[in-house]
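Naming follows writing order (A, B, C and D), and every chain is counted from residue 1.
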Amino acid sequence: MQKESAIREPLILGDKTYHQITEDVCAPVEGKANKYWYMAFSVAVIVALWGVGCILYTIGRGIGVWGLNTTVDWAWDITNFVWWVGIGHAGTLISAVLLLFRQKWRMAINRSAEAMTIFAVMMAALFPGIHMGRIWMAYWVFPLPNQFGSLWVNFNSPLLWDVFAISTYFSVSLVFWYIGLIPDFATIRDRAVKPVSKMAYSVLSFGWTGNAKAWIRFEEVSLVLAGLATPLVFSVHSIVSMDFATSVIPGWHTTIFPPYFVAGAIFSGFAMVQTLLLIARKVLSLESYITVKHIEYMNIVIVITGSIVGVAYLSELFISWYSGVEYEGYAFMNRATGPYWWAYASMMTCNVIIPQLFWFKGIRRSLITSFILSIFVNVGMWFERFVIIVTSLHRDFLPSNWGMFHPTFVDVGIFLGTIGIFFVLFLLYSRFFPVLALNELKSILKSSGDNYKKLHHND
Amino acid sequence: MTKAIYALYDDDEVMVNGAKAILAKNVRIKDVYSPFPIHGLENVLGIKWTRLAINAFLYGFTALALALAGMSFFMIQDWPMNIGGKPNFDLYQNLPAFIPITFEFTVLCAAHGMAITYLIRNWTLPGVKARNPHPRTTDDHFAIEIDRTENAGVSDDEIKSILQGTNPVEIFEK
Amino acid sequence: MEVPSEYPEVGFMPLMCQHCNHAPCETVCPVAATTHSDEGFNQMTYNRCIGTRYCANNCPYKVRRFNWFNYVADSKFTNLNPAQDDLSRMVLNPDVVVRSRGVMEKCSLCVQRVQAGKLAAKKASEPLRDGAIQTACSAACPTNAITFGDINDKSSKVRTDAMNDRAYHLLEEVGVKPNVWYQTKVRNSMQTAAEPTA
Amino acid sequence: MDYIFEGKAKRNTFLLIGGGVLLFMLGVAIMMMGHHEGESHLGQRIWTSLLISGFFFFGIALASLFFLSVQYAAEAGWAVVFKRVMEGIMAYLPIGALTLIIVFVAGSMHWHHIYHWMAPELYDVNSEHYDQIIAHKQPYLNQIFWWIRTLAYLGVYIAFMRVFRKRSLEEDEMVNPDEKSVFLKNQTLAAIFLVIFGYTSTTFSWDWIMSIDTHWFSTIFGWYIFSGMWIGAMVMMTLLTIYLKSKGLMEFVNDSHMHDIGKWVFGVSFLWTYLFFCQFMLYWYSNIPEEITYFKARIDDYTWVFWGTMVINFIFPMLLLMSKDAKRNAGFMVFVGCIIFFGHWLDVFMIVTPGAMHREGAVGFIEIGTFLAFLGLFLNVVLTAISKRPLLVKNHPYLEESLHHHIN
């Protein structure tokens, strides 16, 4: 029997039993949505449709409808791509890395974080698609046999690495998520009374029975998938960073990019999980499971990764001067003082300075400040990618090539649209899926449940 | 004639102790159904640990070899091109650029290979009918399954009385 | 650099694709649409391009141009591209393909002229004579400021020009090994070469 | 159940020191007799070997302090049983700092030229050795500022180490075991240390190591150096625990603990490889002259060492430590541990030598002798420190958790 120290805060509050956990988690699935859900859903659908319209307009007329030009060939498209991929990193990190580290607090948040990952990666994958001049030729990035026989793709290209990385990451995350969902779908299936939902959850639960051997395999698969997903999380955002770092462009070409992008991805991902779960725990009445301690743990991850990102910013800034390379030095001077200084200032403020408030216990345990700070981080991380992409491109080697980037309504529309689509998916998820990992929560009830901990402490 | 007798429990520790008591009386347990994994149960029931991890390693290793062979064929043998002066005469000279995809492909195949093996091995696939004996074994109850044919030497009443001695909430046949 | 008037030495300099031997644009294309030819050209295969624009970003000279719209048929661009009907399309060079929307393009060093020149030499069964092939820019330049030729030919004019003391590569320090040389302007300046510039 | 450091073990550490010094002398003698042109490099080579081994063992002690802090900051319970081993390893910090300072003082006195930038003529515009790029770095790379930083790093690290060690004994002697004051104070201390370490580990690796190749720069460098130090500390922890277990002293460390620490060795090896690859591949790919020279010098002149460290430090742990049984097998862990321990010393050699010795460096009697002597010194200091206190802490709030640690 595992022992848990008495000084650890309980992770499941209140007088919970196994059955009560089932009841609490299944309630949103079995009950009816309230009017706030419908209002939020309607807004999300409208925004999503507007985004889809902008995407179709882009595909119909050409990339020229964005604010890009010869100097700045990537801007909001790749900024949004990297931003969404970054957000998509927390889910797998929570489920994989924290599983390897045996962090029990992950069990209350991993399901939603993984759902967020999957939806965020879907949004991310959209951008490399629509940013192509000829999207109808997108399948050419796969090494497929063709009429030229030996015409293959270029395995030297970081964009091709991206193709492999993103598709691996998306599909493995999906499988990881779904394998965890199967037993929980079975729970809903066995409780369902309406024939339609009974049938739907029967199909979704793949005929899960929960016998001893199945659970052994389940645990082994979760562990090995976690072991595979952990380096995968590192590799995916490293490869995304290599889109920039392999180049020769000052401001892009720096060796710290891969680990720093990974830290930044975890940082922004946790911020987004925080934003979503602070709402979800309230709306779905999950305060006993997503406790203040959970919020505090996530805030600690945010402040640590935020500080790592801060070290990386300062390292880059310092080395750009130390290197003695004129272009590098100028690229960073220009970031801080050039025409996009406000983007750099926003990035520094939101990503490095503001999260430092989480060193104070009161702030990291307060729901309101956590929510506000998480929004700041989300904004800051978008600016980080904007700074890296646009400010590095708009001023580089030859002054005659310098230019500016101004977004058009299509740029803005597509970005907002992806946020809309993301929320449509997340809202649907919160209605039809068990938002907490039922089976995992039950397995820690006796070691980390409030009532059981008190019981242990007394004897 | 029903095939099996079940004892239903409402606590995992009671169930594990029950299983130990049943096995001590030389009654064989066919299976146990629970809403979550119970640590140490495999030792009680004498179930061997799964070898899925070895599977994953083999899938991954195959993928690693395949990725390197594939890239070497595409880039070096089939149509060597001068791409930005990157060396294209030997695999090892251009290897750093091939590492990311090799890694991704290894993880891709290891993860999916293992997941598919897991689903087939468990026989959890879309459309399969659930075989758990009681709907609450996916909620908060734990069931021990005793197969009649496996315990031909023990009468039903004996089995039931042994089960009764382990504090179940319910005993039923199915 | 932000204020050009502080740098009065700025001069005019034609800048096209430098046809780098270690071209950063080539390595990053996912579909191998831009590669190196045996002549040392940086080739752009228009019909393979899917328009990721990664090559343009990674070009230190920023000499690649993208077809943002369908300039061939889009009526909004008649001022940019008058060749939109059968009659005006006759102004187009029949040796050069019309690039579609969503593909990257750049200077090809008049690859059609090079091919034609090579073919002519082959038909006549004689080695390619220096100066026989002219690119459009070198042919058009009234002061003969642009020389085109085979750098491997030890007696070619382009070779002697490239070996000249005045010859230099633009952004040599990036290490992309361009195939285009510039010749520095001879200035009567107080600054000497030995004196370090900050 | 205290460890008593005497007899054979103590003698063996002295034997290591003695043997190392003998090998070193042999190497010096060979160099003095053999190549006459080699003489001019002799001093440089000796100092370089001192820097390599001095930094390597200093790094292990420092990373042990880091790992201890991580345990506190992350509220990790399982590793409490290792706490006294970690405390023992970090006790080497002052001696490690001293060895570094000796090398640095010699640099400042111009007895060696490992730190090329310390030569004053580089900054003199009228000198023929004037180096524009290094002169540009002068606001950072000047001896006064550099010495202030160096002493500050070392002083701060040693101070933190002392407080952690002192409080550990205080915790043992607490009258009221339910009191958490020491633990909570240590948590705060650990967080502060990690912040300081987070910044300074990057800057000291620039100051002490990256500045050897004065023209060269890489933003990831600090994290790369740090990961190498970390793996050294994890291996040292594993090996010392196995040794103490073999004496029948650390019976409370069970298979699960050994499995977990094996996972750390495995995981940090991956981290090191990842950081190595990021630095190497990105510079290889963009092939910019001023950056690629660093790897060119290493691959051309030290081909076998360069690729050898890669094989030893990545392929060995990856293949050999993947299975659960391997991580729980003490003999196997000793075998793999010793190999990657040496592999990471080779890595430090690889980082330092080409900048300090150009083409003239080699792994010879001098380097191996220095390594062995330092190993003996290190083990002597660490084992003495371990023998001074009980092997298991008392009153730590996670102690019970750690003692009952069990994983599949």
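By our rule, a contact is a pair of C-beta atoms (placed from the backbone, for glycine too) under 8 Å apart; a residue touches a chain by one contact, two chains touch by 3 or more.
Source: prediction; values computed, not measured.
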Comparison of C-D and B-C by number of C-beta pairs in contact, larger one: B-C
Chain occupying the middle, per Cα centroid: A
Averaged-CA centre spacing for the pair chain D and chain C, given as whole angstrom: 52
Length of the line joining the C-alpha centres of chain B and chain C, rounded to whole Å: 61
Centre distance in Å when chain A and chain D are each reduced to the mean of their C-alpha atoms: 35
Whole-Å gap between the CA centroids of chain B and chain D: 42
Residues of chain D engaged with two or more neighbouring chains: 132, 281, 285-288, 290, 408
Junction residues of chain A - those touching two or more other chains: 2, 151-154, 156, 158, 160, 219, 231, 238, 242, 246-248
Chain C: positions in contact with at least two other chains: 22, 24, 27, 29, 32, 174
Topology of the chain contact graph, where touching chains are joined (line, ring, star, complete, other): complete
Chain D - residues contacting chain B, complex: 277, 280-281, 284-285, 287, 322, 408
Residue ranges of chain C touching chain D (in the complex, touch as defined): 22, 24, 27, 173-175, 196
Contact footprint of chain A on chain B as seen in their complex: 12, 31-39, 41-42, 45, 47, 49-50, 52-53, 56, 60, 70-71, 74-75, 78-79, 83-84, 86, 94, 97-98, 100-101, 103-105, 107-108, 110-112, 114-115, 118-119, 121-132, 135-140
Chain D residues touching chain A - in the complex, by the definition given at the top: 75, 77, 132-133, 136-137, 140, 180, 183, 191, 195, 198-199, 202, 206, 215, 217-223, 263, 270, 274-275, 278-279, 281-283, 285-286, 288, 290, 397-398, 400-401, 403-404, 406-408
List of chain C residues in touch with chain A within their complex: 1-2, 4, 13, 15, 24, 27-32, 48-54, 56-58, 60-62, 64-70, 100-104, 170-171, 174, 176
